[in-house]
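Each of the two complexes below includes subunit A, the first together with subunit B, the second together with subunit C.
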Partner chain A sequence: MKPDYVNIGGRMPRVDGIVKAAGEAMYAADLSLPGMLHGRLLRSPHPHARILGVDTSAAAALPDVHAVITSRDTSGFLAGGIGSPGNEPYLALDKARFVGDAVAAVAAVDEETAERALELIDVQYEVLNPVLDPFSAMRPGAPLVHDDAPGNLSFETDLSFGDVDDAFSTCDYVREDEFETAPIRHGFIEPHAALASWETSGRLTFWGSKQSPYFTYRNMAKALGIPMSRVRIVQPHLGGGFGGKNEMFNVDFCAALLSITTGRPVKVVVSQEEVLYAYRQRHPAWIKLKTGFMNDGTLVAVDADIVADGGAYKGIGALSLFLMCTFLALPYRVPHLRAKGRRVYTNTQPSCAMRGHGVPQVRYAAEVQLDMAASDLGLDPLEVRIKNAIQPGDTTGNEFRITSCGLTETLVAARDTAERWRREIPAATEPHLKRGIGVASYGYVSGPRIAGHNTSAALIKVHEDGRVGLATGSSDCGQGSSTVLSQIAAEVLGVRLEDVQYASLDSEIVPVDPGVFGSRVTFITGNAVKRAAEDVRRQLAGVAAGILGVDPEDLVFRDRRVFVEGDPERGIPFDRLVKSAQYSGTGMTLLGRGYWAPEGIDLPRFDTGMGNQSGAYSFGTQVAAVEVDTETGRVKVLRLAVAHDCGQPINEMLVEGQLEGSSIGGVGHTFTECIQRRQGQTMNASFLEYRMPTALDACPVESTHTDTTDEMGPYGAKEAGEGVQVAIMPALVNAVHDAIGVWFKRVPITPEAVVAALRGSSAGATPNGGAKGGADGDGPDEDRGPT
Partner chain B sequence: MSLPRFTYTAATSVEEACSLAGSGTMFLSGGTDLLVSMKQRIHAPARLVGLAGIPELHGVAETQAGGLRIGAATTITQLAEWALTVPRWSALGDAALKTSSPLLRNTGTVGGNLCLDTRCSFYNQPAIFRARWGACLKLGGDVCHAVRRSTTCHAVYSGDLAGPLMAWGATATVAGPAGTRTLPVEHLFTGDGARPCALASDEILVRVELPQPPPYARFSYQKLRLRDSIDFPLMGVSLFAAFDGPGAGARCRGCRIVLNAAGPAPVVVHEAGGLLDGAVPTEELAADLAPLLRAEARAVGNTAAGAGYRIEMIEVLVRRALRALEG
Partner chain C sequence: MHHARRRGNRGHVTLNEIILHVNGRAYAARVEDHWTLLDVLRNQLGFTGAKKGCDQGSCGACTVLLDGIAVQSCLVLAVQSQGRSIVTIEGLARDGRLDPLQSAFHEVGAIQCGFCTPGMILSAKALLLRNPDPSEDQIKEALSGNLCRCTGYVKIVQAVKMAAAERSQAAGAAPQDVALRADPAPQAGSGT
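Showing the complex of A and B:
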């Protein structure tokens, strides 16, 4: 039986719900300071061009322009490159490497003047031949995006365990397929925005839209050549991140350097159009996958060759590739695995983390191929998954140590859901509509370690009216972590959720945090908060024990009271206890601190893919029901269900919100979202033409919790909401196959691809080598364009 | 992305609005399309003349003759909400609801949708696109980015309401310095993708009027798009027919079929309408009608779906329209 929690597990309203609903929440672009200037960035219109010269004199001479900067004004700091040196300047040095690469920046009294100044900057470009897809980029003699990266190779991972070649020879059944995924966007609604204010004393204060503010804290200090402690990052509310706001970007750097140059605060807000053509994307991937099974469905061996388009810069792409390779080892038992990955530079927008971080691409391939194999072997694909499901206590060949694991339970729950749906969903009445149901499973991390520093921390201050202030270095980018962390503090201290005030992040005093990525906040920061709250509780218990004349160990903190266990009448209200502690004798200041990181987590070996990545792994199975219009090729998603193991949910409503958002995001990835490019130019840089599902396009999402408790997670909690994006694509693709009998090995599945496939043409159903075949991009208009 | 600098005058009468017209001036109705184009610097008018404050341009009402009069500045939501409550106009309400999204229908107007600028993947782009490729025909340049060597513009008329209104036989009343004139809605369109609207720069659309529907009239608008929530049409087929009686066996007595989002202007496909005259509509007729519609389509690769697919879908849309009319 689960403990009787007050603040854990229920459906609790978000702590930032009211300010957001009332429009009072301040985002970076909302802020202004006296004397503030507005900055704008000049971007390269060419995908690949040498910069011969930049004449800024006319722009600088324009009235009300305070500064024009180019790379000449920078130290040439190169960002990115975890595990190896970075190669991305904040303002282009010698070359522009994609359409949208920033070349110069302007600060003026208003945006209009800044934009006019941009038009007056004269950049002399020598236009170079671009490489626009990874296969052209790897050909001998191809133009080099970076001179020090022969073959345009950005990073390689070579993961291997078992004896793959030998294992295939023992298999009853082996199949090999090629899969392809398109470049897509994070789709956050708040664009990149930064406000920086430089003080003559040598201190910079920075407000920005940063998912992982301490990435910016560190890089800002390095790029400006000042001590980290002279960079103060204040984090306003965030309008979404999804992996696309982890890194520090040119907008952040330029705001700071323009402020230093002008002596005035400078704000730079980019347009959503710029976000869409000049910032990050999810790695498009080409996955050759060979898998061997025994006749009874036992999975024996996997061999994968992965090519990921990294775009123009390294960024954090080594981690992306590492994750693509290592997650071929989850969520099934794989005795023999070889995964070779290559990340390749092209003259397109840089690729980076995005919800699921590399894993959705490879698991799409693996989970669809599993269904293909099951179909050939005459087996139920769900039973094949149950047969091979990883189990508690397993260690994968690449050293993932699986502790709590409810994968099998999620599969059983998914089987029940699918069976119920087959009864509940009637066959389509019109003959051109075909319905189908598909499933796919996932495993995911609860906070991977990506570098040395892996520790999250929390501070708690108790106010004399019994309220509790909580601060951590993990920003809430909309996922609800400030609520979850507040619940944990409230539970430990026996107060109510509304008694906890989650403070805004300010690097001046709030402890350093690795960042908000890899589903680490509830699991890792949650543990830190628990420890900080326990620290304060210990202090208060000492005082209460003196007042009540009992041992501190015998005290219970619950519902704003502290009382003797087994004798609730013998106690003291929480706020009175606080006052007693503060006012008696020499008085106490009630501050709690806590920090935590899971023990025994290896530093990632990016090149070999070996090492345990996380203190806990989450699991789940997605069920999808679709209806295919065989005349128009459009696919309607009728229902989605997630049976998942996130350990103990801290807040059921937030977990459901995460599952819904992540699932619907995956629907877009599967059917409508794709960055269309023409010779390196993004052609659909608007939310009208870049088609994410809107709320009106969403379908109902059911969720089922399986009942595991993770021993390491705070109150037994693990990851929720990111992992599910791993399974949604293959579940949908498998459902489409169930409906019309076609396997789609390329996403998105466009209506045109469906119509072509049903006509018997192979154009849509197999990898058409969008990039391999056509060097000019992957838009529908690639053969008709500017000459 | 900020708007370029402009002055704004809120007109209070049709005459005032026309008198303010001139070089560098554009009329602003709902603004859902124009303001986006201005942010992209496709248009940079020195002055905008607001039409929303002109009382004459508002309202939906039946005429004494039993027709329907719709003020040009009526929002699409207002039209839909009115029409859906009146059975003989409810099919028009259904068609209006297929336009864009709820929020944009709340702001966008009937006149604005009719006079919508044509769209093209190579035209509706931010300035950085033009910095690399140069201006296209529609922007005064000498190149078509959509079709190499083309000397005519292939931008696509993407309004939703024109098709249904033309199928219903609606007329448009236009005011200018010389007074007002009334013309069939189809005459609002030039067929030139670069300058799609036939109104002079000092004319404004005042209202549209639909004639009283004949007895037993039926209507269907079939729209192809990628998301039902918001997208512009990739192809549209409107089918309006009067019948000689109620029920399934009734025959068509007068029929108009309109193709929209198939080229620079919506087109009434008269031959197709004629073919249906006297027939009991059945899905099988789609195979005969579709070639006539396809012959009028001018699709090229400048929208979110390929031209071949859009053309192929005409027969599907016709079939669905016929099915909707089967009664």
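Showing the complex of A and C:
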């Protein structure tokens, strides 16, 4: 039986909902300071060019321009590169490596003047041959994006366990396919923005749209050559991140350096157009996948060759590639696995983490291929999944230790859903409309360890009126962490959610945090908050025990009261207790602290893919129903369902919000979204041309969660934000196959690709360069084929 | 009335002195001809609840009501907005009480990062002003110019339905909505 929680598990509106609804929530671009200047960045128009010289004199002479900076004004710090040195300067040093690479920056009294000053900067470029896709980049003699990276290899992972070659020879059935995913964008609506203010005393205060503020804290100190404690990061509200606002960017650095140079606060806000062509994208991947099964559907061996387009810089790409390789080992039992991954430099915008971080690409390939195999073997793909599902207590060949795991339960729930839908959804009335249902599953981490420091921390101050102030180093990018963390504090202290005030992050006093990535906040910061609240509760229990004349261990904190267990009448209201503590004697200060990281989590071995990544893993199965118009090629998503194991949900409404947002986002990734480039120039750098789902694409999203409790998670919780974006693409692709009998091995599945596939041409009109793969018709059934 | 101001290498440019009626109050502003309503609301008048997502008319984050109709304020010039009633998200709450749409968005979980929220709520407001009892398709249609990457729209549509239902129950809601409309009546072509 689950304990009877007051603040855990319910449907509670978020703590920052009212300020956001009222329009009072301040985002970085909304802030201004007296005397503030506005900055703009000059970007390379060439995908690959040597910078011979930059003449800034005319721009600097323009009235109302306060400063023009280039790499000459910087220390040449190179960002990125976990586990190895970085290679991305904030202002290009010797070369520009993609269209949009920043070359110079200007601060002026307003944006228009800054914009005009950019036009007066004269950059002499020697245009070089670019490499625009990873396969030409790997060819012998190809131009090098970085001189120290032969073959344009950015990183390699070579994961292997079991005996793959031998295992294939024992299989009844082996198939090999090539899959391809497109470069896509994170799609946050708030563009990058930064406001920096330098004080002569040597302190920098920075407000930015940062998902992981302490990435910026560390890099800012290094890039400016000042002590970390002199960098004060204050986190305003954040307009979405999805992985694309983790790293510190040139906009952040330039705001700071321009402020130092001018002695004035400087704000830099980039345009959405710049966000699309000059910042980050999800790694497009080419995946050669060979899988062997027995006739009964038992999965025996997997061999994968993955090429990921890393774009111009290293960034955090080693982790991306590591995750692509290692998540072939989940969510099924795979006795023999080999995954060779290569991340390759090209002269395009850098690739980085995006919701699901590397895993959506490989699970797309593996989950679609599983359906293909099941279809060949005459098996039900759901039963094949159930047969091979990873179980609690398993350890994968690459050492992922699975503790709580409700995967099988999610598969059973998905089977029920699919059966119900087959009854409920009528066949399409028009002959050219075909309907189908597909499923796919996932596993995901609850906070991967990427470097030494993995600890999150929380501070609690109890106010004199009994309200509770809570601060952590984890920012809320919209996922709702400030609410979930406040709920945990409220539960421990026996107060209500509305009694907790979540403070904005300020690095001056809030302890350092690894960052908001890899679905770590509920699991890791949540445990830190629990400890901080327990610390305060201990202090208060001591005082209450004195007043009530009992042992502190016998006290219960519940419903804004502290009382003796078994004798609720004998107690004291929480606010009165706080007052007694603070005003008795010379007064006591109620401050709580807590920090936590899972013990025994290995440092990832990026090169071999070995090591346990996380203290817990989440699991789930996605079901999708689609309708394909065989005349126009358009696919309409009718319904989606997610059965998932996120442990004990802390807030059902927020979890649902994550599932819905992730799922509908995945609809875009599957059918419409693709960054299109010609000669390195982005051709669809606007929301009009880069088509993300709108309200018209919203469909019902059903959700069920398993009855799983994680031993390590706070109140039994695991992650719920990212895993759900892992299986949506393959579920939709499998549903399209169910409708029209065509497998699509390249996403997005555009209407042109559908029509071409149905006409029997496998060329596929997918607008994703480097065409290979495409669609595979396995002979549309007579009654389902186009007329 | 015109004022001159020194600007960059363009020498002197002309500033127009205009009056804008925002949330029931008149504001004087000095603007250049090409300045958008969005920039003037945010930078001169401090209505930062109107968000700049794209500045190209394609995300809806900057949506405000112009004579009761939802417009993308990044596509409207400030000088064109004179003499018209402008309502921003800051003007929706009355006497410290949130508009039913604002409460519904909060209560059903239709807000995540919140960056799309002001525009989304104002597009919904314009819909409910002209159609107090919209169907689900009409809601989706009315919100189709407002992008949201966080929520998948499911709870947003639900929030609008809930606010519409509440509104049809609460008889007292009508006078407030009338105040959002200005004389003269909305002109054709002013909406999006």
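By our rule, the second predicted complex is superposed on the first by the 765 of 787 C-alpha atoms of A that agree within 3 Å, B and C clash if a C-alpha of one lies under 4 Å from a C-alpha of the other, contacts with A are read in each partner's own complex, and residues count from 1 in each chain.
The rule is short, and it goes like this: contacts are C-beta pairs under 8 Å (C-beta built on N, C-alpha and C of every residue); 3 or more make two chains touch, one makes a residue touch a chain.
Since we're looking at a predicted model, the values are computed, not measured.
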First, second, both or neither for A:I18, with subunit B first and subunit C second: second
Contacts of A:S519 with subunit B and subunit C, given as first, second, both or neither: neither
Touched partner set for A:N246, first subunit B, second subunit C, both or neither: neither
Which of subunit B and subunit C A:L696 touches, first, second, both or neither: both
Partner chain(s) touched by A:E273 [first = subunit B, second = subunit C, both, neither]: both
Subunit B or subunit C, by number of subunit A residues touched: C
Subunit B versus subunit C as contact partner of A:T261, first or second or both or neither: neither
First, second, both or neither for A:S71, with subunit B first and subunit C second: neither
Partner chain in contact with A:Y27 - subunit B first, subunit C second, else both or neither: second
First (subunit B), second (subunit C), both or neither touched by A:P751: first
Overlap of subunit C and subunit B interfaces on subunit A (superposed complexes): 112, 271-273, 686, 688, 693-697
Sites on subunit B touched by subunit A in the complex: 1-2, 5, 39-40, 101-102, 121-122, 124-126, 128-129, 131-134, 143, 145-149, 224, 226-232, 300-302, 304-306, 309, 312-313, 316, 319
Parts of subunit C lying in touch with subunit A, wherever the complex brings them together: 6-10, 42, 47-59, 61, 88-90, 92-93, 98, 102-103, 105-109, 111-118, 121, 139-141, 143-157
Of all residues in subunit A, those that touch subunit C in their complex: 11, 13-14, 16-18, 20-27, 29-30, 62-65, 108, 112-113, 116-117, 120, 186-191, 237-240, 242, 269, 271-273, 477-480, 653-654, 656-657, 660-665, 686-688, 692-698, 700-701
Subunit B contact footprint on subunit A (complex, rising order): 43, 45-46, 99-100, 111-112, 115, 271-273, 277, 631-634, 672, 681, 683-686, 688-689, 691, 693-697, 750-752, 755, 779-781, 783-787
